[in-house]
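The structure under discussion is supplied below as structure tokens; questions concerning it will follow.
Naming follows writing order (A, B, C, D and E), and every chain is counted from residue 1.
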């Protein structure tokens, strides 16, 4: 799993129905890093350092085997400092 | 999921039958970035910033479990500026 | 999916039975790029620019769910110029 | 599989239920490398060099097909020196 | 699939039972490249250039759908010279 920081919520009005209304968050692996989009299965706020699972495990972690996610937030890290 | 920009439509007359007639789009993660090919499940136009799902989730997002996609556009981002 | 160029056929006499006799091609994403091996599901010749699907979709695209491929050529691009 | 070194335990109190209480470890591929998070299926201690399996194989290696892992430690290497 | 060179056997006494006794080999994509670990489904020796399959296809190529591999050697290349 990857260690990422939550930057902000991503607004995408025009999306496929399978995504439902789950929040999509912009995450980066370090300040200035390439932003990616993760499905929030926990309830995070910007600034949180989180654990993101990818690969096929991201689907079930997002709630169901058919959920179209390849990156899902599965935990908030209690303490983390980027180096 | 990755944040990509739609560049143009990709024409591939000679393709396997499983791809059907779904539009294939050239996308990049930044200006001058390596172009990739994504299946359009939404209806995008060049210039749109979109959310692309990869891994095994790309198949079902493209319409069925047996669709041969590893990158599918699942949403258009309302507002995005590349930095 | 990735955009790759077919370089040549790869000869591997000693291979697992599941690979069968499908042609294996050496492909690169750009001149001088790292060569990879793709299963040809179309019928390509060296110099063709092709669409390669990876991840779990590569298996079914190669003909069956149990085919051991992680990179399968699913289409030939009508026109492409590497930049 | 990847060769990684165990750095420390990762504490994440707020996590999805599917992760259970399996230990999560911070691993790196080299000193100063990007830290990642792996599920420990063996019983490791900091300093161990380990074999980490990714992709969909990480799920079953962690104990069940529905376990949300994309990186699982499946073996401790008897002797390894990073170069 | 990736083109890799077999470096040596990897000894891991403490491993999960699902790995069984299949040989684990250290492979690199080029001299000095990052070493990875592959399951040998062929019977290779150090110095062989081999075809490695990753993703979910690595599991079945290693012998069964539940085998915890994400990189399996599926063929030996007859002739290869690294450039």
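Throughout what follows, a residue touches a chain if its C-beta (ideal position, glycine included) is under 8 Å from a C-beta of that chain, and two chains touch if they have at least 3 such contacts.
For each chain, UniProt lists the protein as follows: A, B, C, D, E = Carboxysome peptide A.
The structure displayed is predicted, hence computed values, not measured ones.
A.B. asks: Starting at chain C, figure out the least number of steps needed to reach chain D through touching chains.
C.D. replies: The fewest steps needed to get from chain C to chain D is 2.
A.B. asks: Fit chain B onto chain D over the CA trace and report the rotation angle, somewhere between 0 and 180 degrees, nearest 5.
C.D. replies: It is a rotation of 145 degrees, to the nearest 5.
A.B. asks: Counting residue numbers used by both copies over all numbers at the interface, does the chain C-chain E contact come out same (over half shared) or different (under half)?
C.D. replies: Chain C vs chain E: different; shared/all numbers falls short of half.
A.B. asks: For chain A and chain E, what's the span in angstrom between their mean Cα positions?
C.D. replies: That pair's centroid distance is 32 Å.
A.B. asks: If you average the Cα atoms of chain A and of chain B to get two centres, how far apart are those centres in Å?
C.D. replies: The computed centroid separation for chain A versus chain B comes out at 20 Å.
A.B. asks: So which stretches of chain A touch two or more other chains?
C.D. replies: 54-56, 58
A.B. asks: Taking the touch definition from the header, please name the shape of the chain graph: line, ring, star, complete or other.
C.D. replies: Graph shape, chains as nodes and touching pairs as edges: a ring.
A.B. asks: Quick one: ring order starting at chain A, direction chain D?
C.D. replies: Here the ring, read from chain A toward chain D, comes out as A, D, E, C, B.
A.B. asks: Quick check: in the complex, which residue numbers of chain B touch chain C?
C.D. replies: For chain B paired with chain C, touching residues are 10-16, 18-19, 24, 26, 34-38, 54-56, 58-59, 66-71.
A.B. asks: Please give the residue numbers of chain B that touch chain A in the complex, ascending.
C.D. replies: Residues 1-3, 29, 41-42, 51, 53-58, 60-61, 72, 74-79.
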